[in-house]
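Shown below is the structure under consideration.
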Amino acid sequence: MNKGNKLKNFSLAELYSKFGVFLILIIALIAGTIISRDFLVISNLLSVAQNVSIYAIIAIGMTRLLIGGGVDLSAGSSMAFCSVITAVVYNGTGNSLLAIIAALACGSVIGVINGFFASYIGLMPFIVTLATQMTIRGLAYLVSGGAPVFGVGNAIVKFGNGKILGIPSIFLIVIICTIIMQFIMTRTSHGRYLYAIGGNAEAAGASGINVKQQLFLNYVIMGLICGLAGVLYAGRTNSGLPAGGISFEFEAIIGSVLGGTSMGGGIGNIVCSIVGVFIVGIINNLMNLCSVNAFWQQVVKGIVILIAVLLDVFTRNSIMKSTKKN
Amino acid sequence: MKNISKSFPGVKALDGVDLQVKEGTVHAVMGENGAGKSTLMKVLFGQYEPDMGEILLDGKPVHFKSVKEAVNHGISMIYQELSPIKELSIAENVFVGRYPKKMGPILDTAKMYSDCQEIFKRWGLNYDPHTKIKMLKTADIQMIEIIKAISFNAKLVIMDEPSSSISLKEVEKLFDFIRILKKNGITIIIITHKLDEVFKISDRVTVLRDGKYIGTDDIENFDRARLVKMMVGREMSSVFPQKDTGYGEPLLKIKGLNNGAKVQDISFTLHQGEILGFAGIVGAGRTETMRSVFGLDAHTSGEIWLEGKPIDIKCVRDAVKNDIVMATESRKDDGLVLCRSVEENIMLPSLYRRSKAGFLNLKENNKAAREASKRIQVKMSSLDSMANFLSGGNQQKLILCKWLLMNPKVLILDEPTRGIDVGAKWEIYNIIIELATQGVGIILISSEMEEVINLSDRILVMCDGRINGCLEKDEVTQEKIMNLASEVRV
Amino acid sequence: MKGSLLKKLVAVTLASAMVFQLTACGSSGGSSDSGSSSDDAAESSDSSAAESSDNSAAESSDSSTTESSDSSTGELQKIAFLSAAWSDEYCKRLSDAIVEHGPEYGFEVNALNGAPDGYPDVAKYMEGIDALLAKNPEGMMIQPLFTIPDYCMQFNGEIPLTFVNVAPEISEASKDLQYWYAGCYDVNIGIQLAEEMAKGLKDGAKICQINLAYGQTNASQRDQGFKEWMAANRPDVEIIETNFLEKVDTQNAQTVFEDWIQKYGVGGFDGVASQAGVMTQGIVECMKTYGLDTSNFTVVGISASTTEWIKDGYEFCELYQNPDAEAKAALEVMRAQLDGTTDELTPLEGEENVVAVPMTSITIDNVDEFDF
């Protein structure tokens, strides 16, 4: 039982939360090198980086939400919708900048809707974003006329599919966004508030934090991020795809949880989440390189999800275990 | 029950307690918060096994390893917190767990309802067994709980604070029913605080204090004074930090505060440098009052004045901006974010004052947190360790730390030393006194008599949602507090 | 202490499980790949020996683009094939056929499923192409989706590219793409479907369409061909419902059919045109419950997996897409591209680089010729 002063200030779970994902990354890289000779080649690794970048962008926002105690299941649909907006606006006006702004604006509006119902009205985020997921998907089909909208212009394609000094530009964007968001989460009061709210919303409220406002903001920012993801997705595929992005939100969640984010809130780290997304990308890449039967790939993916969830429960239970005693 | 002792980690709840109850009587077990009454009854009901001592039922020794065994021996308990299954009917609730069946597993609902009806008739109650329980009032649900207990063929019924959630009229009905039970030879043990009721309904009274057995006697041999003295009379430890300073100008004035529920018409004044104690039994409404003042809960009417100016408090932010802060009752629920570090917890409320356009100066914050924690002497491995690794006492100090950094004018403390060992308590008392000496107005809600009496300049006693009386430091005695706390103004 | 030891154990177990997984995948993936191709190699070693002698004769007169001399030594050239979702039965059979017949054309085919979790997504296809390219194949065969042709511009001209089964959508960005297309021409398929269905429809018949997912190119092109032919040749026929299923499976098709029954009643419409076998299956199941068959209801479909429905009298006509025929046609085109003998192919009229593979109409009259 918990008596006296605990001088031990570290636990396996806390440690995993902070650094475990890097260990798994190293294991994955080593395993990859052993399994396939085509793996540890710069071009392959860069293509993995390019391919996971969309999931990574979404994961940046998703991790923020998970830290704050929420979730957004509509991320994939929002991204698809925003990619459609990008293409439609570009085809209508010929102006890339306008297209980007339109997409970001639409993403933000979706975020406002999600945030309003999840935070101010107080509905369960799972349900709210499930509903928006379907609604936005339908809207995407309507706006695009059911078919992909081709052509988003050279500028946007350069962002999504181009390379700078051999490194995929989309990956560079991921790195920049990760750095910015990590800064926000650790060095601004907003970031601190999110951690507190996710950790114990009542305590945060009782400390004078406007919980509803902060959570609302969180969803709006997620919407903005999905808008950005939409622009990049449009750039990568050179089209607005209403059917795109299905289950992308889960890729983001899985990567995030592998990176040590707790689905119960209060614990998580943007950088580690991106590494987690990268690890999932490596696993997919390895399976493709080995020509693993697609149906086995499905099985493996399911097992990865299971491991991610177990890790989440393990870290959360272990860390929160002592609270009952106190 | 002979010489019953029961310990939990860190606390000896019962220390050699005796209890003798005669068949067919109503026996009251009385004592303060934490005296051990509930624990003793839980031992009797098979929920806990005693470390030492024995229980004899009808002269035969019994050893209950589970509630089921106790029930099989004819003992039944009605808890303070009733938990009926709301969507089911009365009959279904009464027969839960032992539904009459026909032809194997199929429920015989007809029999269930008719059996239930019979039971009601027998005891002179006129409920319709088909009514859904959620339609009934608490008092009725209580009666039904008792019926349930009796229909298990209980010979001994234990009631834990039966009148805590019902009105006076309903209490009368309850007592009438208890008298009927008595006539039928059923023995009843009541755990209660309420002096008036004990005199109305019980035959004998046993008093516990601090887990020890104090005494038993017939009710005729008691008067209020003796009862109260037995409940609270103890050696007051003289080693208690003393507050030398008095208090100054009025600081916080509350007028006519109502929270739309239990709390009604609260008015009081807190002065600068004053420690204003709030005493009363659990459920008197002290926490609810202060939560409304702090903005955690809404209030329907009332005025709040700070330093002579009226202020509007609709949410915690409002209170905090007016330099009114509160350390809530539960550290775990809304006191600390346990999965975050010590530093983050300390800095949380004051971040908005310390950040420029939202950006934090990590070094400065770290320094401030370090200084604050040193001042309060919080024992921890480092500022980065997780808050829930700290002991209870240090967690409480952490909470004080975080509010101190706000330089509050008013500090509300709700049970600040609950679950904390003696050493840490002393340290916290010193901090409280030091703050008061510096001019902070402190409201101290506490159920520990010693604490309230020794620290407070004045004590307000609440009962049933209202302020029942005010005692000055020089005139306060434990008996006076108990009297005011248990006397219900009709 | 026991608790934390347990946790350490769990963490190590999880980590090793993950490594074990990856290693297991590696070995099983490799062996299944090499297993199938070695079997094929044994079977077709005779035919490849015959073919290789033919090829070497043709080669010597051309300036070959790649190391086609390999085929004469019996070693197979490695090419890659990105398949659309294997969850679609035809795609899976096509993919298997390409892998199976590859060695007949001197190829060892590395086939990959472009939609591993069942949802066709351009980004995931790109991942697949990257993975295939990482192994340096000598030729790429792709079942394209939306803007994949744009993505193929990155290796334009470096290795031969053959699109299979789905006509590629060429945009501004990919107008200079060098490729060949071997496969069905969806507009023509729509036309063929309408032609066959019309044979079974009475005057003034009302029909419903059940199509593949909205947004998929073959869905809209088949639909286009169908509607255009009907409008031009059977204006009396009224198409009262056209449903595009987002998730193409039997159950959804059944749900849609039930909705139609609710709306129009049994007898309220006279037939259904289905674009894919999985959906036809759902329609046929529903027909059984409502007592419909070819005598009072006309159903036509594309790419069914069984001839049962025709034999049992539920389906009027089935457009059979022969995966072996399509696979062989595609492989032949790839072979020609690698050998530089593409002028010997017979492209579709009006197109320079399209080899159209027609479908076969199966009705009750000729159903016994087919065995599946």
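Just so it is clear, A, B and C label the chains in written order, and each chain counts residues from 1 on its own.
Convention: a residue touches a chain if its C-beta (ideal position, glycine included) is under 8 Å from a C-beta of that chain, and two chains touch if they have at least 3 such contacts.
Because the structure is predicted, anything quoted here is derived from the model rather than measured.
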Note to self: With centres defined from CA atoms, tell me which chain sits nearest the overall protein centre.
What the structure shows: A
Check: Of all chain pairs, which one counts the most C-beta contacts?
Finding: A-C
Checklist line | Whole-Å gap separating chain A and chain C, where each centre is the average of the chain's CA atoms | finding: 33
Next item on the list: Would you mind pulling out the distance in Å between where the CA atoms of chain B average out and where those of chain C do?
Entry: 72
Margin query: Centroid of chain A to centroid of chain B, CA atoms only: how many Å?
Written below: 45
Notebook entry, point to check: Quick one: in the complex, what on chain B touches chain A?
Noted result: 9-10, 294, 296, 315-317, 319-321, 326, 328, 331-340, 344, 347-349, 351-352, 355, 358-360, 362, 379-382, 384-386, 388-392, 394-395, 402
Checklist line | Parts of chain A lying in touch with chain B, wherever the complex brings them together | finding: 1-9, 14, 187-190, 192-193, 195-196, 199-200, 202-210, 262, 266-267, 319-320, 322-323, 326
Item checked: Residues of chain A touching chain C in the complex -> 11-13, 16, 20, 23-24, 27-28, 31-32, 34-36, 38, 41, 43-44, 47-48, 50-51, 54, 141, 144, 146-148, 150-151, 157, 161, 233, 236-239, 241-247, 283-298, 300-301, 303-304, 307, 310-311, 314, 318, 321
Next item on the list: Give every residue of chain C touching chain A within the complex, in rising order.
Entry: 3-4, 7-8, 10-11, 14-15, 17-19, 21-23, 25-26, 28-30, 32-33, 86, 110-113, 116-117, 119-123, 126-128, 130-132, 134-135, 146-147, 150-151, 169, 171-173, 213-217, 220, 244, 246
